[in-house]
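Here's the structure, in structure tokens; my notes come after.
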Amino acid sequence: MTFPAPLTGVVPPLCTPLTPEREVDVPSLLRLVDHLVGAGVHGLFVLGSTSEAAFLTDAQRRRVVEAVAGHVGGQLPVLAGVIDMTTPRVLDHVRAVTAAGAEAVVVTAPFYARTHPSEIVHHYRRTAALSPVPVIAYDIPVAVHTKLPPELVLGLAGDGVLAGVKDSSGDLAAFRELVTGARAHPGFAVLTGSELIADAALALGADGAVPGLANVDPHGYVRLYRQCRAGDWEGARAEQDRLCALFGLTGAGDPARMGGSSSALGAFKAALRLRGVIDCPVTAEPQVPLSGEETEKVAKFLASAGLL
Amino acid sequence: MTFPAPLTGVVPPLCTPLTPEREVDVPSLLRLVDHLVGAGVHGLFVLGSTSEAAFLTDAQRRRVVEAVAGHVGGQLPVLAGVIDMTTPRVLDHVRAVTAAGAEAVVVTAPFYARTHPSEIVHHYRRTAALSPVPVIAYDIPVAVHTKLPPELVLGLAGDGVLAGVKDSSGDLAAFRELVTGARAHPGFAVLTGSELIADAALALGADGAVPGLANVDPHGYVRLYRQCRAGDWEGARAEQDRLCALFGLTGAGDPARMGGSSSALGAFKAALRLRGVIDCPVTAEPQVPLSGEETEKVAKFLASAGLL
Amino acid sequence: MTFPAPLTGVVPPLCTPLTPEREVDVPSLLRLVDHLVGAGVHGLFVLGSTSEAAFLTDAQRRRVVEAVAGHVGGQLPVLAGVIDMTTPRVLDHVRAVTAAGAEAVVVTAPFYARTHPSEIVHHYRRTAALSPVPVIAYDIPVAVHTKLPPELVLGLAGDGVLAGVKDSSGDLAAFRELVTGARAHPGFAVLTGSELIADAALALGADGAVPGLANVDPHGYVRLYRQCRAGDWEGARAEQDRLCALFGLTGAGDPARMGGSSSALGAFKAALRLRGVIDCPVTAEPQVPLSGEETEKVAKFLASAGLL
Amino acid sequence: MTFPAPLTGVVPPLCTPLTPEREVDVPSLLRLVDHLVGAGVHGLFVLGSTSEAAFLTDAQRRRVVEAVAGHVGGQLPVLAGVIDMTTPRVLDHVRAVTAAGAEAVVVTAPFYARTHPSEIVHHYRRTAALSPVPVIAYDIPVAVHTKLPPELVLGLAGDGVLAGVKDSSGDLAAFRELVTGARAHPGFAVLTGSELIADAALALGADGAVPGLANVDPHGYVRLYRQCRAGDWEGARAEQDRLCALFGLTGAGDPARMGGSSSALGAFKAALRLRGVIDCPVTAEPQVPLSGEETEKVAKFLASAGLL
């Protein structure tokens, strides 16, 4: 298939189900894909932050892309994260994920090293020059400790280096600047990574959403997207309110015992298990697993949202 | 050889010379090793931040360890960084670098993911459990955005999980807490990563130093170490003052054009080229190279320090 | 007048015009008040960040409140910031501004000192207990380096400690949590401090907006507010787009020469002078004044927005 | 007396004893002064961070300076902090504290507002131009969220704007740059604000120390200073080790209940009460008081250090 320009709709960043031994659980992964595709999502994003890409070995990453790309076979676009510190390492991942079937790559700013905006620009130019598939920028300051400036992203959009941006910065004012600037670049996709203000992002012109919570409730986000496209802002707000309440499950883990990643990703997986989609809720090391009591909290959020 | 307990002395984090095509320049690397060993350093640390480990592909990392470990053949300890985001990925590097001959691994806190101290502890325990060689903690908040709390490090020292710590945090008060606490753990090495306050760190009881600038002037740091060990604090302060002045070369790159990594690592490599140790000063992408004028600045610092 | 519960509408944070000698220019200040009231704003907020409260002496602060409160005489609510580091100093300001006629006080989290959430709670409780007028929380992490957690604010709303919150955090997801939680507290006002996403904030249920740019274009924000209240989301988005473009004037100052405060507040004042509202565009020390060329840029933004 | 150039020795930042009603307890304050002067300190610094200056009203600040300056009557230099956000407010404090007898003023970088280095320079120039007494820069990034660059401080030293710097940044490498650069400016004082690395700072050439813990154990810091001046580095290290252990009392407060300021300043005051110097250990609002159990911990630290 030709990669859509711009990419639009709901593109969930897939959780990566693991076995109790912490290997990729391919049957569970494919059930998750079916769960999402069946709900009407418009694309699949593997190896993102929600996918625990930072925790997966190169072999595991490859297995994920092969399994998902092989399963959906061109029915809908498959994007893959190539999360690593700098250009040479990212390029190795680009080669691996495109060989495994990814139709676009999602690239963060460099991290670990202290970079200058000119180096971020060079990073994207160089990656795009050598990538056989479109490059989408991934703006996630909580992870890489750099915010991609809107004018930098728009400059690269104008030069045809980037095919889109996934904005997980939480900064809606900067996001608006992207949306406004992107009007000059019709094939460029502006996607929000937010679970909580997807309606607002779509209202001001976003092309789509990449919400981690869509693993748990893909029907909700597809409904929300359709309402926004139809101009049903009242309905969209009500749906978003329901999803915001559901998002409370990401706080199920005790912050005295674990970090935000353990709690949020653990809760997504617990919810997928409770909904019968995956077999095992384990997360990768060194993350801390949810306790039975914390899993009970997740179940209550599901019940309140009408998902159990 | 048996890995020393504790590790002591000057252990430079080796620059990784590259060819103009940005492949590992092994002959230059081995000349750098000879330059350091000839100056009397006490160990070699490859694949650290100064080594551009964040920029090297896995194949390049392996080549570096093989070349250096093969060359020094047990004459002095070879440590290797295994810099990556989380436990499973770090363990892959541990396997690779120990197969290639590394005698200890140097491990940062997890990054990219948001972690809790309990997860950092688990990360080190798990890594040490599966590593065939000693594990040294690498405290580098400027890169990983987490400071390792001294009590966490000392707890792991007490449990035999860690064989030492390289402290690049710049926080001498916390470093002192490590030194004081480590008196209870005789085989545990407390090493400073600072170029600028190595004398102060040694005065208060550090076991050694891991200064990037020792690539450029290993004789200076070896002299400084010997002066400190001999209690010649006046001499040590004068030597440190000279080295601090020399360190000014790391600011040769224009901050309006490049990040701190490009400037500092570019200057180290420019100095090594000017001193005739390596062939090519190029740094890995997306770093910005020094201009001719900026390289001139580096030359002036070398001249002032009596190194040209 | 009775202070409205909840406070609603457009409540501009007034610039504080100064004379060339940097004394409060009361005639210009009153012309600014008339300019705003004439445009239909719903309240006036003096001594906020936009007012350069951090730069005004106690005597100047008093003069501002007396002048404004005396001039509008109960026609519309006058709120005053009481910006200072801790409870005892804030309480001194509360006494001063209420004696001068303020009808509500706007209180940030403590700053300079390192505080705990329980201390922030105590700060608000104690301030409210001793304030003769309603207390509104001012969430401005860029200035005080603490984000007020929504659940903390809502807890204080539930206890009747706070009458509202002005959110200048830029975090729309947290803002939504405030709006949703505030449904249980009907008299509590949730106000956005954003110039750029006021439409989105109002769409999801905000009671009003406190945009600094409303000094320059109060008619625009009043129009935007009315469109949102009428459910004219298309019209609101177009108006907001125009205001976002106008907001570009805050970047008129060269970042190599001055900080963000000098540039943004200098540009607001330059615009007010160009529009004939105030006499002199000077800002308080140590801020850097805009150059002639930079003022020209401001003029171009005004012209593009149809304001010259 | 003429203010010393440079200022040298131990200059404790005085705690401000309060009554149970949180008014300044002048008799306790004067007993604290006598306690310090009797131990041989070389100057007194009132209204610093340790003094809870951020919590004291203007009337309280004035009372403190009048009491202390009146009591020591020119026997030793009295410095006063003029901690506030920007130049005009700082100048008001300069007028007040010098009228009350302060012989030098201690000035932080601006805070709350977002400033540029050129604005920091202007802030110091303007303050010094209007101050009747010498100006000392106060580098305390943990409070003001800006680090004073060494070259900025040294430039102002060279121009005669600053008479010294108190460095509470914890960055010994930058401190060394100050010490080295200050050799060109003989009357300029470089003082460390660290309790924990005072020996290291003095070893590399600091003129003196301003340690909050000297309230509790002034004899210890005076001894340490004399040992360093005499070149007795072994003795100094042992004394510093004892003081580092004693500093553990600042962690007496439970971090789940209170911020760092409540714990550290509460512990200093608890220790002063236990040692019989002041009457009441209360701290200003909104700080949380230490519990009985936490005060017990403080007592144990005192006992271990031989101070009870």
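By written order: A, B, C and D. Residues from 1 in each chain.
Please note the rule applied: a residue touches a chain if its C-beta (ideal position, glycine included) is under 8 Å from a C-beta of that chain, and two chains touch if they have at least 3 such contacts.
According to UniProt, the chain labels map to these proteins: A, B, C, D = Dihydrodipicolinate synthase family protein.
Note that this is a predicted model, so its numbers are computed, not measured.
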So which chain is the furthest away from chain B, centre to centre on CA atoms? C
Roughly how far is chain B from chain D, going centre to centre by Cα mean, in whole Å? 36
Calculate how many whole Å lie between the centre of chain A and the centre of chain D, each centre taken as the average of the chain's C-alpha atoms. 49
Multi-partner residues in chain B (2 or more other chains touched) are none
Which of the chains touch, listed as pairs? A-B, A-C, B-D, C-D
Contact set on chain C toward chain A in their complex: 170-173, 176-177, 180, 194, 196-197, 199-200, 203-204, 233, 237, 241, 244
Sites on chain B touched by chain A in the complex: 22, 49, 54-58, 60, 83, 85-89, 92, 110-116, 118-120, 122-123, 126, 142-145, 255, 257-262, 284-288
